[in-house]
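Next come two complexes built around subunit A: one with subunit B, the other with subunit C.
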Partner chain A sequence: MARWKQIMLVQLAATVMLVTACSSNSNEGNNGGSSTDETGKFDPPITVTAIRDQPSSMAFKEGEDFENNNYTKAYLEELGVKVKYNWIVPEDQFEAKLNIAISSGDLPDVFRVNASQLKQLVDAGMLADLTDVYEKYGSELTKKSIEMGQLAKASATFDGKLMALPPDEDYDGRLSFLWVRTDWLNKLNLQPPKTFQELENVMRAFKTQDPDGNGKADTYGIALTKDLYGNGVGVSSGVFSAFHAYPGIWIEGADGKLVNGSIQPEVKAALAKLQEWYKEGLIDREFGVKDSNKVGEDFTAGKVGVNFGALWNSLWPLQDSVTNNAQADWGVWPLVSADGQPAKNSVNIEFDRFTVANKKMKNPEALIQLFNLDNEKLFSGNADATKFHSEVVGDKTYEHFFERVVMDAGSNPVGGNFGHYKKVTAALDANDPAGLNPEQKGYYDKIVSFNGGDRAGWGTLRVFGHDSSYKVIEEMYKDKTQSLEISKFYGAPTKTMVEKKATLEKMQLETFTKIILGASLDTFDKFVEDWKSLGGDQMTTEVNDWYATNK
Partner chain B sequence: MRSKRIKEMPLHLMLLPGAILVLIYCYGPMFGIIMAFQNFKPAFGFFRSEWVGFGNFTYISDLPSTFQVLYNTVYIALMKIVAGLVVPIGIAILLNEIGKTFIKRSIQTLIYLPHFLSWIILGGILIDVLSPSSGIVNRVLEGIGLPSVYFLGDNRWFPFTVVVTDLWKEFGFATIVYLAALTSINPNLYEAAIVDGANRWKQTWHITLPGMMPIIVLLTTLSLGNILNAGFDQIFNMYSPQVFESGDIIDTFVYRLGLVDAQFGPATAVGLFKSIVSLAFISVSYLLAYRLANYRIF
Partner chain C sequence: MRAQLDSRKVFQTANYTFLIGISLLCILPFIHVLAISLSSKTAAAAGSVLFWPVGFTFKSYDYVLSKPAFVDALLITLKRVGLGTLINMFLTILIAYPLAKEVRDFKYRTAYAWYFVLTILFSGGLIPTYMIVNKTYLMDTIWALIIPGAVPVFNVILLLNFFRGLPRELEEASFVDGAGHWTVLWRILVPLSAPALATIVLFTIVGHWNSWFDGLIFMNRPENYPLQSYLQTVIIQQDLLRVASQSLDSLAEVSERTSKAAQIFMGALPILLVYPFLQKYFIKGIVLGSVKE
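For the complex of A and B:
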């Protein structure tokens, strides 16, 4: 079920790592003759051990493999570093295999860990302190890519020491958007909703006025999945945000202390509204058993025309509805508010991928130098996209960027997906794709083919084209903290969180679902009491202790 | 004596790979039970993780939902065990009465088919089939004047829905085992019974059922060990927040505890608890089988 969603996320994540080749100086060769850090070259060459997960989509060119490719050649020639992989497993087995490696103490020199593994390893004193080597050896691009994400960097810092290279801080993928069937709006002579009241009117019209014109009352108002929040399709966060409620994240209370968004009184108001909608039939009577896949079927069958979801929803599941119905079209808008205050998009930032160096590693600076070289080959003026990013040979694409040793560290120093959006729309305006890299050209071609009548290109149009989710980001959410509510807690899970969070989350989901289905609103007050006594208060204390030192 | 041992040597050697596999994959990992008594952290491993004694067990019993989960598990598993014994035996006897081989085989194959579908697929299909607004089951109920039922969303119905759908999926497979047992009954017994004037019912009661008794006792004994197995795949794909109250079972609970939350210690403690209860049940039922039916597996 979650397969498609995963593919979407992986695609997006992969594109984040793309080169945005500067059109002005893209003709320079990658070697350029000016190897800047001769001083950093190891002589004689050293061997650095690592471990890897292999993405299912990854393919090597004939004769190449993980230890023999453009990157390893550059590592050896320019840095004097020979990379050796202790083991390589398919993506889905990496976590388990790494847990075993950690418990048996059989760790390589450099490797990737998740947040709780990072904390354990730091506590066990098994990691090298990177503070000094980062300062001394980090290149300009490396520092830019790390410093761009101050929160991410903080999450990799323990007692003032940098213990890991932090991941990307980009949270565009976590935002929620309002997706509405525009062909239905036009048919019923309605305007795109700008306020919550207008949204309710649209939902009512979509339910009662037969927007699909089949003469049957078989449509409902808004999509919702049994997961309520999360998963990025049919989420309720748009409704919570309209009432300034932010369940699931830690927000600052009136006294400056952190409080959990799930137990605030605003949540109750939003639940009351959802309950009212359910009673009225605006929400599918059976939403409580439907996952995002099942709700996707409802989009395709033309049963529902309003959806709160992530920026990639047009690629899936909405694309199917457009492919299967010659009239269907969806527009994307920012969230709406139920009162005069603007609605804020709830952003739960969680950092879960860190690149670390083993304490036993003789030359921890090699990790920084490897990362320097990756950045230089991908993002600098000497970037060579076909050699180090991706290469198309015949009908096959070789994604060389997967061959890097340091895969998930730092933000894209030259812009990421948002950069693609700017480039693609500029090229569309100019009618000239000359300055685009292969990835961007792919998006450009799909949008052009949609304009030429191929409806399969629609999903890309609504992400990277004009009138797309990235346009909404540009106008509403990019660096505009007044329209974002970002979780104030982004550290490793606290002790009580590890023990109690799952239980509390289950209780929350159960309670919220029951209230939407018609249980008394007083149930919410009881939930708040239980939440506090079953570990919530303890979590709040721990989170505030963390906040006091990481503010 | 000596020559006998040499003669049997190849047989023992043939047993060896199996025995080694069992040792490596069943007995070896039992060392991991130690996690149930530790605050296990992968970075510290088995030897350096903090020893907490029975701390994980008290932690589990203090969690608010534990007893509801235990009750749900036993309730659903018991119904599954009983239904999973009675129905296949009945169907096997009925099938055995069908004279035409072609019809018998066709029915056998048809009821056997759902066994090959995974719960992932069936989960999706059942949501559609049992839907109160558009599902075929509720259309039929309405057609005969009954109110529609929200099988997957109503706490009163959910456990029965789980049992019936599991039965539908698996009874064909179980039936085959009993049909095999039926073929081993000596046909002379039936001939003799007919000569003595026994009708079909009498034949079933006095020949077929006693003939099947060893296999029935065997399977009952083995199934009692499943008293705490209510079926993870199935429930995980069919439950939803609104039926957590009646549908959350030990396995889904452990899944959230161990795999979602990485609390390996408590998750192992629950697993150990399950194993001990299962061992107790199997031992007791084995003893009962020996006393009552004079049947020994080993």
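For the complex of A and C:
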């Protein structure tokens, strides 16, 4: 049922687009007569309509809401812009609701779209061209934050015209790390694994030498979820990377043409290794039905001590294991390689959040000005963090930055989470939190409280502290060519991708799972054939056409 | 004779085992959710809770009941079930009555019947429905959840067939005694149709209670969501790959397993309570309503 609804939503979104593109639809909230004076303020004030998703952790101060908060006040006072939200939904419903709004032509002035919606709307001519207003009105910080991500900007540019504010170009969240139970390593007198062979030894020791000391053989070697490479917990990408295989991304072949990483021979070698591990019992017998929540339970119950996962794994799910067990501690290391070549992290850059202006919007420059103001209030010299970033009142944290209208545009011009890591570790060294913004201060406090014995702060320590995932990232970013394999394709989904990609991905996951469970390795060759004939070849051609013009 | 008895015993044993197995399949998930909701957070996070709470506590219920979002959503759903059932039942009865007549009493009966049945076969589709609700300014009001589904045609057909099964003599006698259509409907047919009405009321209540998609589509603010739309947003799995660039703090919410379980259980509880009561009435109603000709 849910699936049927999804299909219907997508189809309708595509077809009704034609109808709405032709129908005339008066857009309330536009004020044609208003213009900006020399200070950039609209007089009389204009109303800009928008839509929003509400993050689950977001809370408002007493008396405030989306249309009445520090940002909306600043918008009105400094820009003469009144923001009105047509609708607000919880985060995960945004896409469905937006598809319906697009299909029924019920669009606000500024809104966020994903890559395929962006392409549809651009093709239907429903978006305002932002090239000129960006050049003319964009502040220094705005331009810095957009220009920092050249690939992202390229993905928002169509025929040389900037049609959207691109999202940040941030690989951090997509990287995989090696997380290992250090208390188990110490107990069994093992060193943190530097090579793939050492990692295998550690896994075997964790399985056979009873690291939790309960006298039962109830541990296994490495965590793996049924999604294999999705969702950031218990992923297999560490194994693929060890064999220099990069399933799911587009890499450059020997002839300079793009090829899909999923069908390369290196993948077969990695699958053979995973199959061997499964046979040996290093992988959970039931991994094929476990999602990240279930694997998280295994961490907490102390059943497994090796995990390939994202930088935030210490905050969840590993934090539960540390809170639950007074000895537990995990360390984080970069991926290891099976041979002399360094293991590269596979980075799938999919730009999927674009902020756009409706073509019918009378003052598209207002979008740029709103974004200017956000940047000024958050990152400039006269930023006011408690008012515009976050504020702690009693035991509650109010994250004001969620109240911005333009939530997902541009990179953080002062460095994002990586910048936080630098600041927090420097403050820890100096033992002085002065100069930290409230967010950084929050991380700092948690780490200090962990050092004081509060184990709830452990997760933050392993992300922003000294021996943390960002420490590993710092090392990795020193030489990106040696540590990252970044997908060479970052455009909007091609025609065949829209039609076939989901099917091919499903086939891939099924085949890989079957092989790990013990199917013959020749199944992989059959998969490659099928992949090519079922649309993969066509996708490759389209991707190379794109590559030829966007190299 | 003996062999027959044996085979009957075998059949019954197999039958009971099978049916008990099916019942367990239905009940065990509920018990599991209940056990998690009554367990301590750490036990739930370690996955050590099966059918019996570990580290018994009412904390998650305390937490959920003090959460305005849950209570508000519950109130909206109660309002929706009350209003919706009333309107649904009224319209169902009003429409079923004329359609239950013979063609000689009501000339265009067939045409009208098809007019209604057509809406079962072909629906307007999601987008047109959305556009109509939008253009009629029903968005974001409780009426957007009630009016589009105000006439449940399937229930009309159920009731219509039940009306037709009642002895025509009753109606004819009432007309002879001077009753009009209105009196016949409300004083003769409706009281006699208790079993059918009970069934339909149950369908309607469950339908209103369980529907979530319309709430998601027609409501413009999360504060106006009915309970099931709200629950859907609580239990859906977060896209974790997005988290890193946003606020890392939200990760702490992922392992709120006990409070999620408490909300799911409390969302199912009222309807679980309604079922046995109406079912009891429903069985009694069938006996009372049987026609003795």
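Going forward, the second predicted complex is superposed on the first by the 508 of 551 C-alpha atoms of A that agree within 3 Å, B and C clash if a C-alpha of one lies under 4 Å from a C-alpha of the other, contacts with A are read in each partner's own complex, and residues count from 1 in each chain.
Quick note on the criterion: contacts are C-beta pairs under 8 Å (C-beta built on N, C-alpha and C of every residue); 3 or more make two chains touch, one makes a residue touch a chain.
What you see is a predicted model; the values in this text were computed from it and never measured.
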Quick check on the superposition: with subunit A as the shared anchor, is it clash or fit for subunit B versus subunit C?
clash
For subunit A, which side has the bigger count of touched residues, subunit B or subunit C?
C
Quick check on the superposed pair: does A:A328 touch subunit B, subunit C, both, or neither? Answer first, second, both or neither.
neither
Should A:S116 be classified as contacting the first partner (subunit B), the second (subunit C), both, or neither?
first
Taking the superposition on A as described, I'd like to know which of subunit B and subunit C A:L534 touches: first, second, both or neither.
first
Touching A:K294, do we find subunit B (first), subunit C (second), both, or neither?
both
Touch check for A:G232: first (subunit B), second (subunit C), both, or neither?
second
Return first, second, both or neither, reflecting whether A:A343 touches subunit B, subunit C, both chains, or no partner chain.
neither
Touch test for A:A205: subunit B only (first), subunit C only (second), both, or neither?
neither
Mind working out whether A:A269 is in touch with subunit B, subunit C, both or neither, as first, second, both or neither?
neither
In the superposed arrangement, does A:S103 touch subunit B (first), subunit C (second), both or neither?
both
Which subunit A residues lie in the overlap of the subunit B contact set and the subunit C contact set?
100, 103-104, 293-294
For the subunit B and subunit A complex, residues of the former touching the latter
41-46, 48, 59, 63-65, 120, 124, 127, 131-133, 150, 152-153, 240-242, 244-245, 248, 256-257, 260-263
In their shared complex, at which residues does subunit A touch subunit C?
5, 8-9, 12, 16, 54-57, 86-93, 96-97, 100, 103-104, 106, 168, 170, 172-174, 230-233, 291-294, 296-298, 300-301, 310-312, 315-317, 319-320, 323-324, 397, 399, 402, 416-417, 459, 463
Subunit B-facing residues of subunit A, complex:
1, 99-100, 102-105, 116-117, 120-121, 123-124, 126, 226, 228, 285-286, 288-290, 293-294, 498-499, 501-503, 506-507, 509-510, 512-514, 517, 530, 534
What does subunit C use to touch subunit A in their complex?
42, 45-48, 125-127, 130-131, 134, 140, 213, 216-217, 220-222, 233, 236-255, 257
